[in-house]
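Take a look at the following structure, please.
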Amino acid sequence: MSLTTYIIFAIIKLAIVLFVLLTAVAYIVLLERKVVARMQNRWGPNRVGPFGLLQPLADGAKFIFKEDIIPDSVYKPLYIAAPMIALILALTSISLIPFGENWKIAGYHVPLEITAFWNGNGIQDINIGLLIILGITSIGVYGVALSGWSSNSKYSLLGSLRASAQLMSYELSLGLSLVGVLLISGSLSLRQIVDSQGGSIVNWNFFGRLQFIAFFIYIMAAYAETNRIPFDLPEAETELVAGYHTEYSSMKFAMFFMAEYCNMVTVACLATILFFGGWHSPFEALHIAAPALWIAISPVFWFVVKVFFFIFLYIWIRGTLPRFRYDQLMAFGWKFLLPLSIANIIVTSLVLALRS
Amino acid sequence: MVPLSWYLTLGAILFAIGVAAFLVKRNIITIFMSIELMLNAVNLTFVAFANHWHQVSGQVFVFFVMVVAAAEAAVGLAIIIAVFRTRETLNVDQVNLLKL
Amino acid sequence: MLHQVLFIIFGVVCVAGALNLLLQRHPINSALSLIVVMGALALLFLLLGAEFVAAVQVIVYAGAVMVLFVFVIMLLNAGVEEHTRGSRVAIFLGIPGLIAFFIFMCWAIGSNGSALGQARIGSFYVPTQELGIALFREFLLPFEVTSVLILIAIMGAVVLARRER
Amino acid sequence: MNDWILTLITFVPTAGALLLMFLPRNDRVLKWSALIISIIAFIFSLHLPAHWSSGAHGFQFAVDAQWIKSPNIHYHMAVDGISVWLVLLTTFLTPFCVLISWKSIHGATKEFFVLMLVLETAMIGVFVSLDLFLFYVFWEGALIPMALIIGMYGHERRVYAAVKFFLYTMVASVFMLASIIWLYVHTGSFDYSIIQNAIQNHSISGFGNAAELLFFGFFIAFAVKVPLFPFHTWLPDAHVEAPTAGSVLLAGVLLKMGVYGLLRFNVTLFPDQAHEHAWWINTLAIIGIIYGALVALVQPNMKKLVAYSSVSHLGFCVLGIFTFTQAGTDGAVYQMLNHGVSTGALFMLLGMLYERRHTYEIKEYGGLASPMPVYSTLFLMITLSSVGLPLFNGFVGEFLVLSGAFSAKALYGILGTTGVIWSAGYLLWLYQRTFFGQVTQPVNASLHDADGRERVSLIPMVAMALIMGVASPLWIRMIDPAVEHSLRPSNVISAENATHEGDGDSLARAFLNSTRTARPEAAASVPDITRK
Amino acid sequence: MNPQLNYALLLPEIVLTVWGILVMVIEPLLPQRSTQKGLGIFAFIGTLAAIAASLWQTTIPAGTGWFDMIRVDEFSIFFHVLICCISAVVILASFEYLDSQQIRGGEYYGLILFGTVGMVLMSSAVELVLIFIALEISSISTYVLAGFRRRVATSAESSIKYFLLGSFATAFFLYGVALMFGATGSTSIYIIASVLQSGQTAGTGAPLLSHGLAYVAVALMFVGIGFKVASAPFHIWTPDVYEGAPAPVVALMSTGPKAAAFAVLLRILFGAALNTGSGWFWLVWISAALSMTLGNLGALLQTNVKRMLAYSSIAHAGYLLVAFAARRDIGIAAAIFYAASYAAMNVGAFAVVSHFARSGERYVSITDYSGLGKRSPVLAITLTIFMLSLIGIPATGGFFAKFYVFNAALKSDLVWLTIIGLVNSAVAAYYYLRLVVVMYMYEPQTGEGKLELRTAPGMAAALVITAALTIWLGVAPGRVLDYARRGADHLRPAAQQQSSFRSPASGYPQDVRIPQHQAGDR
């Protein structure tokens, strides 16, 4: 494989994933509105297009054509940069997610992720993918923090302060919750982590390898990281009038919006990869005969299904749980999740050590 | 192919800028940041030398530096908050109850 | 060639960021420039074959330490730096000393230029595992000792930042 | 006993001080215990002359034990004919100092007596140490209690005086320390005799270059302490501000430490340098004699007058030593003792006056002879002793010094002699103004005479002045060989040569020969050429 | 079990760490309002246990462990004991202080114990990165301790100044470490020693990068350590920090970390055999002369006792550095002894200051000490002893400390340095004496009356211990000097230990003379 083909493939993958992702994000929003509406005995959007299916397009058009208001007292450079930072980082982290087994196209070995890097004579996985994702999500906080600060508004500042504190606090538990998985798979490469869970549903980290505690820690911390209910204090409408993005409108607001949903997708993808066997089918152990095309497609299918499940979980929880109080949030993070995740590491490593 | 001395010179430049910032900046937080810049420059030096000697240890040191930097940051910012509480300013020249 | 181009790009970004830290008057701008420097440094680490270090650089420095800085800047609402006359001692002794130091360093590095040799992408690459082994064998003691350090840092931060009862 | 006696004498006061610290703050108890302790020390010290083996020239009662292995510091103590008397002088004066402080010290009496006793230890230690290091320890050790005595119990400007005293001596002694360390570094020992031998055998590398500096290192420390003329400015302040006991010990003993040091170290260890520099040292000494006397003459303050008289008298001691004659040096040593007794007594007398009137101004007094007959008698005796009247101790010392000076250089002798005249002048004038004439101030008419305690403390001093005047051979007999011993490395003008050198020295020789054969009447037969 | 993992070598550190954790665990169990004295006694016992552990270490053979990270020998054990003693006395002296300043004891004692871990580790570490971490442990804990009086602006200021300049210095030290690693390919002091001597690296035989780089590295590390020990021209932080920080903490940080930092400097300068050519000689010379002079001149102008003692500590760092400039066979022992005796007297002096300052540190000006001799004779006498020792009056520890140092300097023909030092100590007498003068010779200030200056048991014990040690060192320094000598011997012939590092053992010249170019010093 030459550098040129590498670049061509990369661009193609980039285009596809970006398209799918942005569409998905748009429709996740619709899904959320619909589902939450149903939970609340409402109909949700149903005017634009059949079942409101064109609602996202309408929303998008509205965002694009709305007047872009920049309040007088904002600190302009950062005010403009903040949503971009948020969106760019959110999109970047997705680019590291592998969403299926490698394909062979026209004799070329093509990994199903965007950032597989060129090592001089072939394509290679990034072997510290998980770390890079963690790194990117950890600097994702700047988008939120800077937007609130640069808006020069009380509510925004409070929101971004909350966001920074919350993200820092929960990042710790998030990172530690993954250590159990790393101990089991012995690698930081996402692909290898998924590979280590192949074969049967029992091999999934969640089921067979006792990482369900880690999973719960992860999912809670991740909700906090994405500022979703029940941890949505940075943008709590009732207290902070939407928090850090109070002063934003039109496209800039849309960028925050998209970034948040992209992050949700990333979290869902990571949950799938780390705890639920990634693209492995739950029925792999049954060895069901299938057509070749299905064999090629099925990993992506299963991956998408699982991700969809977690997205749904997000929505479900949003419809069910109330918001934490701020002190509860902090106490929960530091006094419950953090010790628990450390305990999880200890137990996991003990079990591994005893087994070996 | 880049001469290793380029990396080292870059490290030295960053370190020197850090020192200069330490000397001329007046905001406590910025002064503290310039220290972080100096530590980063040292990290670059460590990694470059690790490359020269082909030794893992050079990279291990970087971790320790990072841990120390993180610990320093936690304590340092706490001290800064304490100073701000009592003095309501972050300018080193106004933090002058103790004459130098 | 690629290496040189990348080095020059990131190196220039580093220096520019560092200078920006020096020249900007608002702490938050300085903080952001520092984050840029750290990011560029992480990429330089990658070029030198230290991928794990690069990742940790981003996570710890850019993602944790600098967030803390930004957080404190926001919390204390630090404004634009006032121009006050600094310590004259620092200027009159510090700057010449700094220049001397820098020249000295350049001499020390320059005189060893050939002995230092060239860095080549991929010529030295440390897998994470090897790093871990080193960390838990030769460097076990420092590793364990850092726990005391962190303990102190936690205690210190709690003590100092806690409100008076 | 002989091994331990010096340790005993030195540390009995310290032990007493420790005891005192734990006694209740009852002034009566404290006073008496301090007195008893100092008397015990005196009694112990009498052991020294009593068991003196007159045959031996060198040091006696030696004790030498390793104190610190590295650096090689020894606990080396011994006395020779010079230092033994200085030890006795110290132990003799201290009880009286305690006694006269009974009433004059108000508040913090415990601390005062503790300081006195510690000071006594340090002073004795200076005279008995033969290890340079030990010497330095005691030397510095004497500084602190004295400074505290001045500073805590003195008069209005006491703090200034104390600090001045401390800094002058401290800074000067640093130079001595440097010299001591240099010697140690190059000989590997602090021991006096080892160093002396090493110097004489020229076995020290680099000594030739350093000797000059070493000499000055020691000289400055001692010259400030003496005090020699340009370094004397601390002395009047210290004396005026010090409490009576402090003045007594300061004049009586502390100043002697300087002279003793000059003799013991500068002259003995560095004879060549000493000879080389003798001319200007003697010049300074003579300037001191005359200057001190002249300034004393115009003092309106009694204590300051006596203080300047000390400058003058100590000038004689230095002059005597740096003539390098047997007679001069003998006289210097003897003059040290005399000065200790008579000036000590003078200060005590002034102190008593101060207790009554709280002033030292001469014009405040006058005609005291009638209300205070006993007191004025004693005062007169002491004045005469200090002036150097024959039959009193001062005469012997000054005579010997001057005869030595004449034999060394006639000019020294002539100029020195004028000092004697001046001293007679200011002291007698003082006496006249204070005690004779009408009682000018009505307060003075009702002053009560010396009481029992005061008499007890004064009469022995007066007696001592008389005894030393008439029975000087008792002392000189022991001093002489020691002086000869310490002058030997230098160019001693031997008895044979001396007869050809000049009248002064031949007279001195005659005098000495007479004393050596223990015929005190010979002293009286010498014509009183130096008196007017 | 891996023989490298020799826990016996770490015993004092382990004891202190465990005790620190216990202190923190126990503190919340204590009733909220009660006095913290019980906790203090507990922490004190911890330091005693650490002292015992260090003493026990003398029974095990000297050696390195943990992959050549630490070395326990007479040198490190001396400093272990010294540092643990300092902490013990400081803890004793803090009992009443904490009560009067209303400081909760848990964190305070915990931080002292953990900080002690760092200092102890500094003295036994023989690997630069470990030294760096240990240095940071001790530094960070002292940064925090300096800011412990949180209601007070000066305390926070002191903390921030200490922190900023301390971290700044650490960065220099670290850069030095990096360059040393670059020059020799190692950060282990003994390997560095052998590399610098043989000119090739231990493992691969690759040539040493350059001596020049190593010298730059040493210079940078010297800057870093110079800040820690407050030697000129890196001393500017000292007076401010000492003035603002709580007095018992100053007692600790003016002695403990300093002793440890000097131990490190000894290890680096002498252990790593960098004296081949003594490129750093003038560095030390200038720094020593400057420290003595600036410290003493600065102290002359002060009216605040804490500031005065701060400047005096700069001066003392200078005296100590004189020993570094001297010949190694005598200089090292002199330096070690000085560190010990300085610790005794300075901890004592600050203990008195902290006791006298009382709540809120109100009484710290020199004039406040007026008449202390009458108001509290015991306090005054002990402070006098410490002052005299700081002056260097004979029969106190300070005298012998100075004596050994100048003795070593003269033996090395450093005549000018000695003269500067002696003149300085004469100047120093003035300001120390001023305090004594004020105590004894001035009347108590009007309006204050008889203040209750009863010395509580903890403080009394601390004062007695330090005063006794000060005098003991002045009367019988032989014992401690012996230990210092033996420690120095262990530090000196690094050649003997090199055999275990797979490199040709080449001994030192037995008597390393100062090179000719320094003859100009005469």
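Labels A, B, C, D and E are assigned to the chains in the order they are written; within every chain, residues are numbered from 1.
By definition in this document, contacts are C-beta pairs under 8 Å (C-beta built on N, C-alpha and C of every residue); 3 or more make two chains touch, one makes a residue touch a chain.
Owing to the predicted nature of the structure, the values given are computational and were not obtained by experimental measurement.
Peer 1: Using the touch definition from the top, how many steps at minimum link chain D to chain E?
Peer 2: So the least number of steps between the two chains is 1.
Peer 1: If you tally contacting C-beta pairs, which pair wins, C-E or B-E?
Peer 2: Greater number of contacting C-beta pairs: B-E.
Peer 1: Which one of the chains is closest to the middle, using the mean of its C-alpha atoms?
Peer 2: Of all chains shown, the one whose C-alpha centroid lies nearest the global centroid is E.
Peer 1: With chain centres set to the mean of the C-alpha atoms, which chain is at the far end from chain A?
Peer 2: D
Peer 1: Cα centroid separation between chain B and chain E, in whole Å?
Peer 2: Roughly 25 Å separates the two chain centres.
Peer 1: Based only on mean CA positions, could you tell me how far chain B sits from chain C in angstrom?
Peer 2: Inter-chain centre distance comes to 6 Å.
Peer 1: Using mean CA coordinates as chain centres, what's the chain A-chain E distance in Å?
Peer 2: Roughly 52 Å, centre to centre.
Peer 1: Taking the mean of the CA coordinates per chain, how far is chain A from chain D in Å?
Peer 2: For chain A versus chain D, the centre distance works out to 96 Å.
Peer 1: Two or more other chains in contact with one residue: find those residues in chain C.
Peer 2: Counting only residues that touch two or more other chains, chain C contributes 52, 56, 64, 68, 73, 75, 105, 109, 112, 116, 138-139, 142, 146, 149, 152-153, 156, 158-160.
Peer 1: Please list each pair of chains that are touching.
Peer 2: Chain-chain contacts present: A-C, B-C, B-E, C-E, D-E.
Peer 1: In their shared complex, at which residues does chain B touch chain E?
Peer 2: It comes out as residues 8, 15, 18, 22, 28, 31-32, 35, 38-39, 41-42, 45-46, 48-49, 52-53, 55, 57-58, 61, 64-65, 68, 71-72, 75-76, 79-80, 82-83, 85-87, 95-100.
Peer 1: Help me check something: in the complex, which residues belonging to chain C touch chain A?
Peer 2: Residue list for chain C touching chain A: 28, 32, 35, 51-52, 55-56, 58-59, 62-64, 67-68, 70-71, 73-75, 77, 122, 127-128.
Peer 1: State the interface residues of chain E toward chain D in the complex, per the touch definition above.
Peer 2: Answer in residue numbers: 373-374, 377, 388, 391, 393-395, 399, 403-404, 406-407, 410-411, 418-419, 422-423, 425-426, 429-430, 433-434, 436-437, 440-442, 476-478, 481-482, 485.
Peer 1: Hey, which residues of chain E end up touching chain B in the complex?
Peer 2: Residues 129, 132-133, 136, 140, 143-144, 147, 150-154, 156-161, 163-164, 167-168, 170-171, 174-175, 177-179, 181-182, 185, 187, 201, 206, 209, 236, 239-240, 243-244.
Peer 1: Which of the residues in chain E come into contact with chain C in the complex?
Peer 2: Answer in residue numbers: 5, 10, 17, 20-21, 24, 66-67, 69-70, 107, 110-111, 114-115, 117-118, 121, 127, 129-130, 133-134, 136-137, 140-141, 143-144, 147-148, 150-151, 159, 179, 207, 209-210, 212-213, 216, 233, 236.
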